[in-house]
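Chain lettering (A, B, C and D) follows the sequence in which the chains are written, and residue indices restart at 1 in each chain.
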Amino acid sequence: MSKPIAIIAGVGPGTGAAVARKFALSYPVALLSRNPATYDPIVADINKSGGKAIGISTDVSDSKSVKAMVEKVKEEYGNDVKCAAAVFNASGAFVRKPFLELTGEIMDSSYAGSVKGSFNFAQATLPLLLASTSTSPHPPSLIFTGATASVKGSANFAAFATMKFALRAMAQSLAREFGPKGVHVAHAVIDGVIDIPRTKEWDLGEGGKIDPNAIADAYWHLHTQPKTAFTWEIDIRPGVEKW
Amino acid sequence: MSKPIAIIAGVGPGTGAAVARKFALSYPVALLSRNPATYDPIVADINKSGGKAIGISTDVSDSKSVKAMVEKVKEEYGNDVKCAAAVFNASGAFVRKPFLELTGEIMDSSYAGSVKGSFNFAQATLPLLLASTSTSPHPPSLIFTGATASVKGSANFAAFATMKFALRAMAQSLAREFGPKGVHVAHAVIDGVIDIPRTKEWDLGEGGKIDPNAIADAYWHLHTQPKTAFTWEIDIRPGVEKW
Amino acid sequence: MSKPIAIIAGVGPGTGAAVARKFALSYPVALLSRNPATYDPIVADINKSGGKAIGISTDVSDSKSVKAMVEKVKEEYGNDVKCAAAVFNASGAFVRKPFLELTGEIMDSSYAGSVKGSFNFAQATLPLLLASTSTSPHPPSLIFTGATASVKGSANFAAFATMKFALRAMAQSLAREFGPKGVHVAHAVIDGVIDIPRTKEWDLGEGGKIDPNAIADAYWHLHTQPKTAFTWEIDIRPGVEKW
Amino acid sequence: MSKPIAIIAGVGPGTGAAVARKFALSYPVALLSRNPATYDPIVADINKSGGKAIGISTDVSDSKSVKAMVEKVKEEYGNDVKCAAAVFNASGAFVRKPFLELTGEIMDSSYAGSVKGSFNFAQATLPLLLASTSTSPHPPSLIFTGATASVKGSANFAAFATMKFALRAMAQSLAREFGPKGVHVAHAVIDGVIDIPRTKEWDLGEGGKIDPNAIADAYWHLHTQPKTAFTWEIDIRPGVEKW
C-alpha cells in the first residue's frame, strides 16, 4: 500500500512553504499555487533533501482546475492515492477599502478565491481523506488558515471579513460533519503579520511578526491529535500583539 | 422637505411583512421582493390603512436590478429621497445537505442571494441613509436579519452557515464603519422557527415559534435607539427554545 | 389582585436611576442600594410624579440583607407580592490594576459584590418572577447589566473581567433554565462610558457617552418582548465608539 | 544554573497525571493536590523512571497554603528556582443543580476552588515564570484547564459555568498582560468526558472519551510555541462529540 500524501493549497513564501516543508518530512506532498514560480523552489528543495514533492498549477476558485489537480495527483501517486492531510492556505485577495468604494467585482473575486476556493478544495480532498481514516498514521486532517478578520469585522474590511467569516463557518460545519467520520477538520486564526519577504521591512518590534515555521508546527500538532482529542480552532499571534 | 422612507428587502409572509407594516406606521415604505405576488397584498393593506407603500420587483443579487429599484424609489418619493431605515430580510435559499452533495452552483446561488444581495442592498441604501442623519427622527438604521446559522456552523449546513456568517461579518464591519458617521447598523440572530403559513403545521409546542410581529417590534426598537446607545446585535428566540 | 412590582438593584445616578424611572411608569418599584442617599431623591421624585416607589437599604452581597429586603417588599406590597421585573445593576467595584498588584481581598470583594450579589438577587427575585408568569402584562423579566469586560478580558482587568464574565455565565444559564418556565432572563453588554455626573468632565467627543435613559428604554423593550421572542443578550455602545 | 521546573496543580488520575508525566520528561516537576494519595503514585513513578518529582499537599483556594507550597519548592529546587511551566488543572467541584437549589455555600466553595484557586496559583507562579523568560528552553507557560462550561452557560450549570467563565476571563486577561512580557498564558476548553477510572463504566461509544495523554500532548505543544506564535485558546473534544 502506498503512503498517504499531503496536499497544500496556497504555497508561496510564508505559511504555505513552511507547512509544505513540515509535512514533507512525513508524507509525499503536492503543492498547489496558480503560479509555478511560487512553488518551484520549494518543490526542488524538498526533493533535494530526501522528500518527495510535486507542484501543480491550480486555480482553486475553478472547480475544473481543482479536478484536474486531483487527476495529476493520481497520475503521480496512484489511482488509489489517499490523503493524510490537506491544508487550505490560499488567502484570497486582501482588501481594505471603505465600503462604498468596494465593487461587486471585488466581492465576487474575493468570494471566488476564498469561499469557493476552499469549497472546491474541500470537496476534492475529503474523499481522499475519508479513504485514509483506517490507514493514515494520524487521523486525516483538513486544516484551514484564517486571519484576524475570521472573527472580527473591522471597519473597511467588509469584503475581507465577509469571506473569512464564511471560510470559518465552512470549517466549523465540516468539523461537525466529518469529525464523527474520522476526519479532523480544524481552523487557525492567524492574528498578526507573518514574517515573510514581503513584510521584511515592516518594523513591528522585536518578536512582532509570526514565524511561519511555528504555524507549520502548530498544524503538524493538530494533525497528530488522536481522534479522541480534536482541536477545532486555535488562534496564533505574537506574544507582543495587542488584541 | 419630504419625509424619509424605509426600504425593506425580502418581503413575504413573516418577518418582512411584519417589519413592513411596523415601519409603515411611521414612514412611507418601499417593499422589495422578486415576485410581486409576495408584496402586493401587503402594499395594498398598508395603503388602505392610511400608510404609504410601493412594491418594487427586485432581484437583490443583481446590482442592476437594485439600481433600478433606487431609480423607482426616486421617481416615487423624489430625487432627494432620504432613507430613515433599510432592512435586509432576504434570506437566500435555505440549504441543508451533506457537504459532498453540495455543488458549486448551490454555493454560487447561496452567495448571490445572501452575501451579494446584502452587499448590493447596503451599497444602494447607505447613501440614502447617510443623507438623512441630520433630519431623520431617529438615527438612520440598516438592519440585517440573521439566523442560528449566523453564529453556528452545524453539520450539513456548510452552504447556509457560510453565507450567514458572511452576512454577519458584513453587518459588523458596516456597524464599525458607519456608526461614527451616524448610521446605526444592526444584526439580528433569529434563532428559531418563525410562525408563518409555511410552518403552520409544524408542532413545536406552545410558544415554540417566533411571532414575526415581535421581530418587527425589536427592529423598531433598534431603529429608535439614539446615537449614544446603538445595539449592534440581538438574538431572538422562543423562551422554550433549546440553545 | 395587586399589581406586580419591579425591583431594581444598584440604583444610583445613571443606569439604575433611569431604569427605576422608566419601570416606575408602569409598576410600583422597590429601589435597592446600600446607601439610602443614592436612592432617596429618586424615590421622592417617583412618588411626587404619580408613581409609587420605596427604597430599601440592601447589601446584595449579603444574603441576609437580601432576604430582609424581600420581607420589606412584602410588608409594603403584600405577602403575595409578585414581580414583573427585576434588574441587577449593581456593578461591583471597578478594578484596573496589574495582576501582581491585586490581592485576595480585592478578588473576594469583587466576587461578593458582583457574582454573589447577583446570585443572591436572582435567588430572591426568581420566586416572585415565577409567581407572575400568568398575570404579568409582559413576561416577567430578570435583566443583568454587564460591561465591556463581560466579553473581553483586557490586560490589567483580571479582577473586573473575571467577575463580569461570571455574571454573564449566570445570566446565560438562568436564561436557559427559566426561559422555558416563562421568565425572560437577559444580559446587556454596556460597552462604553455612561453619561453620569461622575463622568461629566470626561471629554469623549460629541455623542461619546451612553445616555442612561437609552439603556432604560432598551431594558423596557426587553421586558415587553413576548415569550415567543426573547432576546438573551444585547450590546449597547455609542455610535462613535471604537470596538 | 539550575534547571527550570514545572508546577502542576490538580494532579489526580486523568489530565493532571498525564500532564505531570509529559512535562516530567523535560523538567523537574512539583505536583500539587490537597490529598497526597492522589499524587503519591505519580511522584513515585516519575522518580522511578528517571525523572524528578515532588508532591506538595496544597489547598489552592488558600493563599497561605499556596505560599507554603512555593517555600517548599524553593527548599527543594533552590531559592532561585525558576519556572518553565505552570499548569492549573484543579477543576473545583462539578455542580449541576437547578438554580433555586443552589446555596450561597455552594457558590462560595465553587469560587474558592476555581476562581480564587487559579488566582492564588497564578500570583504564586507568575514571578517564577517571569524569572525564566530569558533562560527557559521555551517561553515560560501558564496553562489553565477549562471545560465546556467555560464558553456555554447551560441550564442547571449556574455555579459551574459562572466559575469556568471567570477562570477563562482571568486567563485571557493574563494572556494580554503577560504575553508582551514573554510569558505564554493559554486556556484549554476541554469539551467532553475524559477517559479516567471514574468514567470507565460510562458508555460513550468508540472514541467517545478524551485520552488525557492527548491533552498533555496539546499542553506540551502550547508550551513549545515560540514567542512569535502564541496560542491563547484551544478546544479539545472527541471527534464523535456533538457540539
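Criterion: a contact is a pair of C-beta atoms (placed from the backbone, for glycine too) under 8 Å apart; a residue touches a chain by one contact, two chains touch by 3 or more.
Keep in mind that this is a model prediction, so the values were computed, not measured.
Note on connectivity: the fewest steps through touching chains from subunit B to subunit C is 1.
Where subunit C touches subunit D, over half of the residue numbers in use are shared by the two copies, so each contributes mostly the same positions.
With centres defined as mean CA coordinates, subunit C is found 46 Å away from subunit A. The centroid of the Cα atoms in subunit A and the matching centroid in subunit B are 34 Å apart.
Centre-to-centre spacing of subunit A and subunit D amounts to 31 Å, using the average Cα coordinate of each chain.
Touching two or more other chains at once are residues 176 of subunit D. Contacts between chains, counted with the stated touch criterion, involve the pairs A-B, A-D, B-C, C-D.
Those residues of subunit B that touch subunit A in the complex are listed here as 63, 98-100, 102, 104, 107-108, 111, 115-116, 119-120, 122-123, 126-127, 149, 152-158, 161-178. The residues of subunit D lying in touch with subunit A in their complex are 139, 176, 179-180, 182, 184, 195, 207-211, 214-215, 217-218, 221, 224-241, 243.
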